[in-house]
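Letters A, B, C and D mark the chains in the order given here, with residues in each chain numbered from 1 onward.
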Amino acid sequence: MRILFLGDIVGRAGREAVMASLPGLRRTLRLDLVVVNGENASHGFGLSPAIAQDLFAAGADIVTLGNHAWDRKDLIGHIDAEPRIIRPANYPPGTPGQGSALVTLVDGRKALVINVMGRQFMDALDDPFRAVADILARHRLGVTVQAVVVDIHAEASSEKWAMGHVLDGRASLVVGTHTHTPTADHRILPGGTAFQTDAGMCGDYDSVIGMGKDAAIARFLRRMPGERLQPAEGQASLAGIMVETDDATGLARRVAPLRMGGLLAPTTPDF
Amino acid sequence: MRILFLGDIVGRAGREAVMASLPGLRRTLRLDLVVVNGENASHGFGLSPAIAQDLFAAGADIVTLGNHAWDRKDLIGHIDAEPRIIRPANYPPGTPGQGSALVTLVDGRKALVINVMGRQFMDALDDPFRAVADILARHRLGVTVQAVVVDIHAEASSEKWAMGHVLDGRASLVVGTHTHTPTADHRILPGGTAFQTDAGMCGDYDSVIGMGKDAAIARFLRRMPGERLQPAEGQASLAGIMVETDDATGLARRVAPLRMGGLLAPTTPDF
Amino acid sequence: MRILFLGDIVGRAGREAVMASLPGLRRTLRLDLVVVNGENASHGFGLSPAIAQDLFAAGADIVTLGNHAWDRKDLIGHIDAEPRIIRPANYPPGTPGQGSALVTLVDGRKALVINVMGRQFMDALDDPFRAVADILARHRLGVTVQAVVVDIHAEASSEKWAMGHVLDGRASLVVGTHTHTPTADHRILPGGTAFQTDAGMCGDYDSVIGMGKDAAIARFLRRMPGERLQPAEGQASLAGIMVETDDATGLARRVAPLRMGGLLAPTTPDF
Amino acid sequence: MRILFLGDIVGRAGREAVMASLPGLRRTLRLDLVVVNGENASHGFGLSPAIAQDLFAAGADIVTLGNHAWDRKDLIGHIDAEPRIIRPANYPPGTPGQGSALVTLVDGRKALVINVMGRQFMDALDDPFRAVADILARHRLGVTVQAVVVDIHAEASSEKWAMGHVLDGRASLVVGTHTHTPTADHRILPGGTAFQTDAGMCGDYDSVIGMGKDAAIARFLRRMPGERLQPAEGQASLAGIMVETDDATGLARRVAPLRMGGLLAPTTPDF
């Protein structure tokens, strides 16, 4: 299976880049599954149902979230009706929405996508390691599902690496989000799981992690509330990771980063 | 000026990779200045004076530190006698050592190297932005010094990006350390400063940020003290960033990541 | 000098209790100086200029603040014109307002009031210990000022106790705020400084630290944004501490807690 | 049932005060149940099996713990054999020891004691509210057990107040520990549960939360490792709370703080 994951889409700049490029990428990269993190798609804070719809229309199969999951109040009432939008699985029982989604491709192959959030320097959610284990206990990679993609939305690199190793051999791809900075450590772990600490953001990198520089800098310098943070509106880069898996095992055969447009050095998977 | 910065050297694996490769890199890349972060060089925790000496012998001009600066007690009494080892500048007044170092190259050019620590999710140090501004107030890039290199040792990507933009035009290179994960966002900011959110670590990537997997994972799963963390001892990758500056302005002309050996996809500056 | 300090006033319930009782307390307790923490006076979040005026009219000489200092935007433009409202002294240079105030009593005696904020589990401000030391370097207790009152607004009890000991002999009273819970450890430290870890709040204790129970509890249980937090509106308790100092030294002769009304066990200074 | 709870016992000073006074208090206060928090009993860090034995010999029925539960490695192998020592219930499954204990008094009445840890500003444990609910689901206050005592070991006052209200009517006493500072807010909540935000510590209050002043202060001023923290060795205060419950309902009839010896203003329950 050929899978593309794109990191946190930030604001209009990020959205437009995704919508302009994703349909073409789906074709040229012959993608079977596209997962995007949409927690900052609506003006930097949260995901509105309408914008989620745009992302699906552009070719996303599943949209994941993170600590900004509930910034848009209109999503709270909508998420239970839209299984293609998933929020971190380790929110407490009773939280709207689901932490995973099962996708059936047109050819019948199945992929399981899981979203989970780290706890180091973040909110006090349930144990992310047990949350993922609980979901995976209901599926078998290479048997009941041909691919498993895990978006670990976390601050600390250590927690993301640990998640990668814990899932090594049980997921096709473990990829981090949340720092809005792509890491250059894509690799296939010893057990066959593709891993990258952070996918990076889809947004304008002439910014402070996607938000306008002046207001964001002022918060560090002044330590008092200032101008509202607004997404930067310059040309966005797409940032993500592509994996090709072996359907027999669900493990990764090839992995490569994708970075296009904007200020990042470009790189496109060559497989 | 041709400058190489290498990120956090972790344990024996990281040290040996640096010592094996740096002499050759100094020649082949015609490096004028080499700065390495050594906060994890001594068995993952701190920097002993003897290991610092090894790093200098291998070709490092300056060794920077971070939150592990004082893990080795023998460094505390030594650092005032060794101006080539610097610790974050924003420790409170009276802290041993210096937060910056002025290097005079054999040809007489001068470079200023600054180490500073972020505060987001980290210890309550003094304001890193004012600490750097205070040091820069005594130097003029392109006039009194031909290069300024800033190692911002920080957890949060936002704080590192903010530091980059605040210093844009006033430093040759602003590079982050501490996450032990190289980022793929090397670029030259609009004002001419080269930037990369994190240099990555020089160490074994088959690990949890350089430390042995089992013990590190157990800390996330069990939430009680367990086996002591030990550096992973497999083949290390070097991870860093190279910059070529214009001596007339001190600003960056070219920037490229360097990643060699071990599990990272290799890349070497082509200039 | 006879000094009363009242902890964080929360919402209408807290304000009304202060306004109803303070004029009488000023007389019956023969108070020379009244300091109140007003960071939650305006509907739980911040202090409006009009409410500050009410507190002064009721008998407060100085109003201190804390991490909610800037919740009311109208205070930001007002604070420089009202030296009787002080914000934590360890905000960075350039922050509106002052971190201390010098009060001249009608009989000519002078009192210095300082507000400072802890950093443990709180925002990354400047060093509170150095901030207070810098202010105290310009005054001499028992010589240029007859009393020094320090409001250390902090989360961690350890940081507050440390501040008490550091200032022991150099302040008349060091009292904590922010936890909204009065502590039962009022005492005179060995050097003569009265100390209490937290003054407690002036507000309705049938609440979660002053705010309505249901919404506050829901945040712990559900980990997603819910109903807006609103101050509880039941009968408020006043909570604070009274000190009598020796004008010749500025040190404390007697200290006692004051707790009146509402759900707390009542206690009134008997001197 | 007549219940005494004593807060964190710190080091030799705290232990000796408990051992000297508790046998007499058991008699004079006609106590049926004594619970003490022992997380700092062994030189300030953890609880050794031998010291636990001393506390039982002095009259403690149950010893609770907290974030220092595992500082003494010899407790880890011992705790499963000693059901009278309990650790926070919200450690992950598989953690040694239990989070609650059922005590049968000599007259046959039963009391359930629960230890749980907050998460605000603390380690990422499981949800403390659900952990307590799970335990309480197996018991009925006033029916299967005559009393329920909950030690909520937490930093944030808000989390402790929230726990009190959530358990109001389902526990006899909810009392906080960890700040080492007794709060003056003992009361009976509307549903009949006695509550105090923090019991305070049993230790020397001429200290920084029980530890020697100089070393503790140096950590705030210098931000680098210094002298080892050692418990202060001056005369200790006992600090705790006493409750008398109605055996028919298990709810609190009377509540009063107990503070004896050392530097705290003394207070003894008069019932």
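The criterion applied here is as follows: a residue touches a chain if its C-beta (ideal position, glycine included) is under 8 Å from a C-beta of that chain, and two chains touch if they have at least 3 such contacts.
Chain identities (UniProt): A, B, C, D = TIGR00282 family metallophosphoesterase.
Note that the structure is a prediction, hence the values are computed from the model and not measured.
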Count of contact steps on the shortest path from subunit A to subunit C: 1
Selected interface, B-D versus A-D, where C-beta contact pairs are more numerous: B-D
For subunit B paired with subunit D, centre-to-centre distance based on mean C-alpha positions, whole Å: 45
Separation of mean Cα positions, subunit D and subunit C [Å, integer]: 29
Sequence positions of subunit A contacting 2 or more other chains: 92, 124, 221
Contact set on subunit C toward subunit A in their complex: 69-70, 73, 76, 91-92, 94-95, 123-125, 221-225
Residues of subunit B defined as touching subunit C within the complex: 92, 119-120, 124, 126-127, 130
Of subunit B, residues touching subunit A in the complex: 121, 129, 155-159, 161-162, 165-166, 179-187, 189-190, 197-198, 200, 205-209, 213, 216-217, 220-221, 257, 259, 263-265, 267
